[in-house]
Amino acid sequence: MQTHKAKRVEIIIEAPMESRLTAALEKAGVTGFTVLPVLGRWTREGQVGRSGMVAVVCLIRPERLDALLDAAYAVVDRHIGVIGVTDAEVLRAERF
Amino acid sequence: MQDILTLAGANLLTPTILCFALGLFAALARSELTIPEAVAKGMSIYLLFSIGFKGGVAVADHGLDARLVAALVAGLVLSFVIPFVAFGLLKAMTRLSATDAAAVAAHYGSISIVTFVTGSSVVQAAGLVAEGYMVAVAAAMEAPAIISALYLASLGGGRAEKIDADLWREILLNGSIVLLVGSFVIGMVTGEQGMARIEAFIVAPFQGVLCLFLLDMGLVAGRGMRNSKGVLTAGVLAFGLVMPVVGAAFGLAAALLLGLSTGGVALMMVLAGSASYIAVPAAMRVALPDANPSIYLTLSLGVTFPFNLVIGIPAWVAVAQAVGG
Amino acid sequence: MQDILTLAGANLLTPTILCFALGLFAALARSELTIPEAVAKGMSIYLLFSIGFKGGVAVADHGLDARLVAALVAGLVLSFVIPFVAFGLLKAMTRLSATDAAAVAAHYGSISIVTFVTGSSVVQAAGLVAEGYMVAVAAAMEAPAIISALYLASLGGGRAEKIDADLWREILLNGSIVLLVGSFVIGMVTGEQGMARIEAFIVAPFQGVLCLFLLDMGLVAGRGMRNSKGVLTAGVLAFGLVMPVVGAAFGLAAALLLGLSTGGVALMMVLAGSASYIAVPAAMRVALPDANPSIYLTLSLGVTFPFNLVIGIPAWVAVAQAVGG
Amino acid sequence: MQDILTLAGANLLTPTILCFALGLFAALARSELTIPEAVAKGMSIYLLFSIGFKGGVAVADHGLDARLVAALVAGLVLSFVIPFVAFGLLKAMTRLSATDAAAVAAHYGSISIVTFVTGSSVVQAAGLVAEGYMVAVAAAMEAPAIISALYLASLGGGRAEKIDADLWREILLNGSIVLLVGSFVIGMVTGEQGMARIEAFIVAPFQGVLCLFLLDMGLVAGRGMRNSKGVLTAGVLAFGLVMPVVGAAFGLAAALLLGLSTGGVALMMVLAGSASYIAVPAAMRVALPDANPSIYLTLSLGVTFPFNLVIGIPAWVAVAQAVGG
Amino acid sequence: MQTHKAKRVEIIIEAPMESRLTAALEKAGVTGFTVLPVLGRWTREGQVGRSGMVAVVCLIRPERLDALLDAAYAVVDRHIGVIGVTDAEVLRAERF
Amino acid sequence: MQTHKAKRVEIIIEAPMESRLTAALEKAGVTGFTVLPVLGRWTREGQVGRSGMVAVVCLIRPERLDALLDAAYAVVDRHIGVIGVTDAEVLRAERF
């Protein structure tokens, strides 16, 4: 099956920063991402609201990686969390 | 004094406090007992809705008190001012950095709604009736402390984020403020008629839900204590026990100035003496990311919350009765 | 008319409707207030179980009505037929593609169980008693519309998936049908004795749970509105306000033919005038994946649901009283 | 015998059992009806807390019975001994490996708290009053069977993990033991006064919550049955039906030796005849990972649990009445 | 430690399609997969039932990749969602 | 943006073994990991407590991979579950 080169970026970030991160990604031209819940550690900081960490996964064309990382880094910078990048392939390149 | 001890003793042997103790025990003994996050959130939504609605109905019943606005202003002022006091105490008692001290100060200027809920039920059990609008005062006290703290942090050279539009919205429209004020207004609008419809849901099971919720609080606080061994120096710990008393004293002064009822005096002390562990920590993660969450969460949830539950609340109620009676 | 306005006014100032409004407000103001998914599902299971069980007990009490079967058949027919009407209206009023129009039509042929639950409580508050088997009619009306819609889509050249065995099962045994019919049967079998055992759980707290559930509905509807700006043209929006009236008129006709009680007439109008937002959207994702979910979800949950809650239900009750009395 | 059948019939047509049946049906018919994990956990916490607390209050009311300690010891002994009986039966009736047989045996030595909860409500509905400390006996019976089973497995050449400190803690402080014993103690300490505060929460809605909880149990058991087709041979299946009777006989003997009340006799049979499906499976995954979970979970949850619910409990109550009256 | 070449396939798909996808995977000879929840966007389509998106993660031997992708593609085809593939290594090849 | 070579290890393991695994990882010098929930299959083994499977994701420096795998393997060994490793890159190497 025909696949296309892509990068898989995984950003683990504090939940209160999630909306800032996804807004930055959208600004940087990212067309889609998926947010996964992370099992909590103690910092249950928002019992009515947001809490803990989340993982944001994003598959993008390699040439857009730098724009994405710049945008993500600007948000994560002083915050705890991790940014990892993997080589990947995707089906249906028209969706990216 | 005798009274205070008796009341404290009676308060200690209620299902609510014992449930908190059970949670603490389970967490410290490393039992895997847990209450699912979603259920804990559900219970906290229930408690907020119930306390807000009941407050609104009380206001609808007794008419709008002239002191409502004054009380709201007093709450705002307390929340703005207490962080400065807390910051000063922290600088005197501990070696925390300006950023950490500012973050902690924000928590003590703001309030803990669960402490307030527990306080309300102790006030009621003592046969007192507080002003219904105290829940509105509680809501008003949630946010201002954050602003004072960011000011303190930047004074101290810390890198506080600017409060942009998003952050303002998150602070002012955080879930518990919206739910508390919203249900307060709904209670006020629908009054006794509304109460009659949903009383069986929000009044009768309240104490029982509070029990399970405090069980969860005990579990969370206990796990926090275990995970943050060594984070708190003796000075920081002492602050966590002294500050609620100082805060309550400010609350007492404000309440007497306002001429609140005995129940109202007690609740104002409870509010001013309590420390946030929901709204403020989330705001600090965004606005003061360099501050260490272990410090402020352990202090607020692991030291001051249990102190208020076991000693503070019954003491403030007794003080209010002594002063008011 | 006067009556209708008074009733609508009274209906507006109940805790339930105000909770929905609070949720809408919070979502539109972008507060981060949320009710955990699991808790919302838990409440919806509670409401379905309670309404089904109560319906069953009512049938056990009053004996099996000869009209039960006729009412079920009427429900099935309405659900089959209304999508054709809706499709025609959509073709006339909007420029939606055949696929999108068919998907929307399916929602309006099916029913919203929460609208039905709210309708039941308004009927009861108006002092009316509806046939207990109306919950069975509600269950019967969930699925047929899907079949009509897929037929309409394929007529229109859309690529509707074949309804294979899996899809049939998903449609006919979807969670709310099974729970509603199951608890209806349990209520019928155990009757007043069963009711006595679980009354404290399913009757007394019902209104309160409905409040929190509608708060969540408001949050969900409000977030949907925000995210689908520009999705709805004026024509589509108008359809979302006209169609419930048209549906209710069909319901009225059927109810009068059947000779239902005043409460039954009102509920039949509520059912026919309501639009699904649970079972049908899921089926559409599987069977008509090319249809745009923003359109049908925003219409059903963001336009028609609030319309029914605030205007539709009280109006249908008033009409039923005018016609019946 | 007649009595037993009548009682069983009456028991079958209660909302609780019918809800379990509805869950079974929905799962076997592959309906997508599900109750969120978090809600199911929340209900189980509620049931444990309620049953523990009520037991404690009963003990506070009637004073500490001299038989409490004897009953606890009897429970411990039963839990230690029954796995050996079960293991012997399994070796005679089935071809399970020593490891699998030991794992199954552990489940039958331990207890099912939901069976106990259902048994309590049947005992109460029969007009009997059991000793309040039976909940403490239930807690005592959870863990010992695990130790017997690991011993049996290592005898049989299986690779049982050593019970290290972590595993001991997990076994002895598992969530349901801590919650059950904790709420029992809280009930004992706060007595009728505590009960008065939270009665509306833990007593009135109990049966209704149990209904929804058993609905979930039915769903879980039914899904297990579907997924483990072919896992159970006729011999294993027969064991799942015979063993609860054998266990209950042991329970009867112990209860008569202890001189328990009629209600207490019934509950001791219920406990000894029930099989764990919460604490023991988790422990087996850690300590006997080579044992096949499909076997022990399907047996315990898919065979013995429904058997006890429908036949066992009413039968044991009838036997207790025959013996006791 | 001895590792073996494998492919890691990650399929993000609408929850109502999950059972169809996993059935197709099993038919295509896949021996195991893991389903992760995805944090919801608005489309809360099934308050009693299934809702939102899920992520299905599958580690397989490279030679089976094509069969898996064909099976997955047939299900996902007209639906929203993403299929990404990464090179990976696994321990315990006997389990794949 | 400057990135650094890393390994991404993904361990899918029974929830009752989670605390043993994470303790072993910490002993092996792992500085951080993220635990993701896995959607349950039938084995709802702990209705008050832990249940099902979890996914533990860990980004580490390549030279630490073997220590990690040894530690993880000792725990997982006789248990069901999967260990997969992918090449990755991370930002902010100072955090690893």
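Just so it is clear, A, B, C, D, E and F label the chains in written order, and each chain counts residues from 1 on its own.
In this section, a residue touches a chain if its C-beta (ideal position, glycine included) is under 8 Å from a C-beta of that chain, and two chains touch if they have at least 3 such contacts.
These numbers come from a predicted model, not from an experiment.
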item: Self-contact between copies chain B and chain C, residue sets same or different by half; value: different
item: Between B-D and A-B, the pair with more C-beta contacts; value: B-D
item: Rounded Å distance between chain B and chain E, as computed from the means of their C-alpha atoms; value: 46
item: Intercentroid distance (Cα basis), chain F paired with chain B, Å; value: 38
item: Set of chain B residues in contact with two or more other chains; value: 32-34, 36-39, 41-42, 45, 170, 174-175, 179, 204-205
item: Touching two or more other chains - residues of chain F; value: 36-37, 46, 48-50, 86-87
item: List of chain C residues in touch with chain D within their complex; value: 36-39, 41-42, 45-46, 49, 53, 169-170, 173-175, 178-179, 182-183, 185-186, 189-190, 194, 197-198, 200-202, 204-205
item: Touch list for chain B against partner chain A, complex; value: 37, 40-41, 44-45, 48, 159, 166, 170, 174-176, 179, 220, 223-224, 227-228, 277-279, 281-283, 285-286, 289-290, 293, 297
item: Chain F-facing residues of chain A, complex; value: 10, 12, 36-39, 53, 55, 66, 69-70, 73, 82-87
item: Interfacial residue positions of chain A with respect to chain B in the complex; value: 14, 16-17, 19-20, 40-51, 78-80
item: Chain F residues within the chain A interface of the complex; value: 1, 3, 6, 8, 32, 34-37, 54, 57, 59, 86-92, 95
